[in-house]
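Read through the structures below before going on.
What follows is a pair of complexes built around chain A, which joins chain B in one and chain C in the other.
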Partner chain A sequence: MEGITITHESNARGSFCPGPLMEMIRLVKTSAVGDVLAVISNDPGSQKDIPVWIAKARQEYLGAENEPDGAVRFICRKVR
Partner chain B sequence: MDTDKDEGERFSIVLFSGTVDRIMAATTLTSGAAAMGKKVTLFLTFWGLMAFRKDDWKTNTRFSKDFEDYAAPAMEMMQAKNVPPWMQTLTQAMAMGDVTVKACSMTMELFNMKLGDFEPVVSEVTGVASFIQESEGGQVLFI
Partner chain C sequence: MKRIVIIGGGMGGTLIANLLARQLKPREAHITVISASARHMYQPGWLYVALGRQDPRALSRSERGLLSKKVALHIGAVSKLDLEGQQVELEGGESLPYDYLVIATGSRMVLEDLPGFAGGAQHFYTEEAAFRLHAQLEEFNGGRIVIGVGGLPYKCPVAPLEFTFLLDEYLAHRGLRGRSEIVYTFPLGRVFTIESVAEFAQPLLEQRGIKIETFFNAEEILPDQKLVRSMEGTELNYELLIMTPPHRGAKFLEGLAIADAQGWVKTDRATLQVADHPNIWAVGDATDLPISKAGSTAHFEAPVIVAHIVAALRGSAPDPRHAEYGGHVMCFLETGYGKASLLDFDYQHSPQVAQPNAITHYQKMVFNKAYWYIVPTGVF
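Then we have the complex of A and B:
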C-alpha cells in the first residue's frame, strides 16, 4: 500500500480460523498508538473477520493487499 | 437485578458433548465471541465436563457418532494442517478476552468429581439456575 510503512507484520499463513484474527488482536494489543500492523492470512474467514474486528475495536482499517500466493495482507493502524 | 450496559453482550455456551469435533466448534465460537468483546461463559455439563478432566484433552479422540466415518480422516487432516488443539484455542481466548469456564454441579455430584479434578481453565462450580440467571439477556448455545 503506497505511502504506508508497516511497523509490525505477522505471517499467519496456514493458521486456522480464528488464528489470523488472534494475531491481529495480539499485534494491536502489544503495539503503540500510531503503529501500522499487518497480518498475512490464507484463511478465507479473515476477509470478513479481520475488518469486522477492527471496526468493533474502533481501530483504523487501511485495507487489504493480495499476495502472489493467494494469501491476503490485512493492514490496520492502531489509533487508540 | 443488575441491568448494566453489558447485559446484551453476553454469549453463553452449554457444552454437553465431549467429542472433539463439537468441543472444537465450542472453543472456536468462544474465541470469536471473546474477540468481539462479549462476556463469554462456557457451562460444562455431562460429557462436556468429562472432557475437561485433567489431561483428558491430550488423549481425547472421540468424534460425533453420526459422522463416525469422517473421524479418522478429519483427525488426520487436523494434524497434517496443524490445527491447534481445542484446549489451546480456549486458553488463547481466555488470555485475550472475558471468558469463564464453569462446571455443572449436578454432573460433578453424579460422577463424584471435584473442582480439582479438572483442567485449571475451569474456575468455578455452578448450578443450572445460576447459569440461567447469568446468561439472561444474551445469546445461549447448546452444543
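Then we have the complex of A and C:
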C-alpha cells in the first residue's frame, strides 16, 4: 500500500491457534496510537474476521494486499 | 570444550538439555541449565488446583532430579544477557559464558499491563494464584462469575474455555449453579480461535446455561465497582472475575534487539534461530511466533533446536528428520463431566478436532501423571 509505513507486522501464516485475528488484537493492544499494524494470514476466514473486529474496536482499517503465495496482508491504524 | 547454556528450567529447557546430553559425548560440550527456580512445575495442573480437583504437591519436582547427570544446573535469576560478550549475567554478579545459547524462559505474568487486574481479578496462571482462586471459589455463594482473557498472547489458549466447563461442573456439585450466572467472554467473534472447536463448544456452553459475550478484549477493570470494560465498549458487572493475566517474556529480554517491546524473542518459525544470532535459539513461550504458547509447542520444537546445536558443534547438516519445526501443536480440551477433546495441528494442516469423549479425558488424566516420566526426560 503506497505511502503507508508499517510500524509492526506479524507473519501469521499457518497460525490456527491463536490465529491471525488474535495477532491483530495483540498488535493493537501493545502499540501506540498512530502506529500502522499488519498481519499476514493465509486463513480465508481472516477476510471477514479481521475487518469486522477492527470496526468493532473502533480502529481504522486501511485495507488488504495480496502476497505472491496467496496469503493476504491486513493493515490497520491504531486510532484510540 | 564448547559451552551450551540453556536459560530456563521449564519443560522446553529441561527437555533440550536432556536430549543434548543423550546425543553428545561429554567431551563435545559442557551443558548448563540456568533455572530461576529449583522446582520444575507442571503448569497445566494449576487449573485443577483452583477447582480443588488436584493435589498441588503432585505438580512440582526437583529440577535437579529431572535433569541428566551430564547437565550442570545453576539455580539463579538472570539479570542481563550480554550478546556481544556472549555471556549470561546472573543476579549476584556471576557470569556464564556460552558458545551456544537456548532461551527457554517462558512467560511472565505482568498484572500491571491491565489496569485494575491486581485488585479486581483472579487467575490460575501461577501456583499461588491457583490457591487464591480456590479459596475464593470455596467462599463463593452465588452471583455472576465472568471469565475472560486479560491480555494477548496467553498460555494455553483453550484454558479459559476449559475452566468454564469445569467451573460449571464445580458449581453444580456444590449446589450453587442455580444461583450463579457464568459469563464466558472471548476476544474473537466466536467462542474459540479454531472454528471447528467453536462449533461444538458454543452449543455445549448454551446447553449448560453459560452466557456468551464475544468480541470482548478487557481494557480496564474497576474493582470498586466490580466492573470490567472491554476495548469494544462492553461493560460487565461481576461478583467474581477470572481472567488470564497479561503475559510478557522474561524481564531481562525487554529492550534487547533480539526481542520485541514485550520481551518476546524474534525467532525463525522453521529453524527456531534467533534473528541475526546463528548460535542462539528460542523455544516455547519465549518466542514471538504467533502459535500456541503451550507445553506441546516446546515439546515438538525441542528436537529441532537439538538437531541444530549438534550440527553446529560437529560441523555437519542438521538431522533431516528435525531440521525444521513444522508448527506442530497438540492440546487437550476438558469439557467437564468426564469428557475431553484433543486438538492436533501444524502450519500446514488445519486442526483435527475430536468430539468430546471419555477416552480422551482419561488420556489427559494419565498424561498429567505420566508427564514426569515421559516428557522432560525425552522418552516421548
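One rule holds in what follows: the second predicted complex is superposed on the first by the 78 of 80 C-alpha atoms of A that agree within 3 Å, B and C clash if a C-alpha of one lies under 4 Å from a C-alpha of the other, contacts with A are read in each partner's own complex, and residues count from 1 in each chain.
Note that in this section a contact is a pair of C-beta atoms (placed from the backbone, for glycine too) under 8 Å apart; a residue touches a chain by one contact, two chains touch by 3 or more.
Not measured: the values here are computed from a predicted model.
**Q** Output check: A:30 vs chain B and chain C. Expected answer is one of first, second, both, neither. What do you get?
**A** Only chain C; A:30 stays clear of chain B.
**Q** Given the superposition on chain A, which partner contacts more residues in chain A: chain B or chain C?
**A** Touching more of chain A: C.
**Q** Touching A:53, do we find chain B (first), chain C (second), both, or neither?
**A** A:53 contacts both chain B and chain C.
**Q** Return first, second, both or neither, reflecting whether A:16 touches chain B, chain C, both chains, or no partner chain.
**A** In the superposition, A:16 contacts both chain B and chain C.
**Q** Enumerate the residues of chain A that count as touching chain B in its complex and touching chain C in the other.
**A** 14, 16-19, 21-22, 25-26, 29, 49, 52-53, 56-57
**Q** Show me the residue ranges of chain B that touch chain A in the complex, using the header's touch definition.
**A** Listed in rising order, the residues of chain B that touch chain A are 28, 31-32, 35-37, 81-84, 89, 92, 96.
**Q** Touching residues of chain C toward chain A in the complex: what are they?
**A** Touch residues, chain C against chain A: 151-153, 157, 187-189, 193-195, 215, 217, 231-233, 260-262, 269, 290-292, 327, 329, 331, 343, 345-348, 350-351.
**Q** Show which residues of chain A lie in contact with chain B when the two form their complex.
**A** Listed in rising order, the residues are 14, 16-19, 21-22, 25-26, 29, 49, 52-53, 56-57.
**Q** In their complex, what parts of chain A are in touch with chain C?
**A** Interface residues on chain A, with respect to chain C: 8, 10-23, 25-26, 28-30, 45, 49, 52-53, 56-58.
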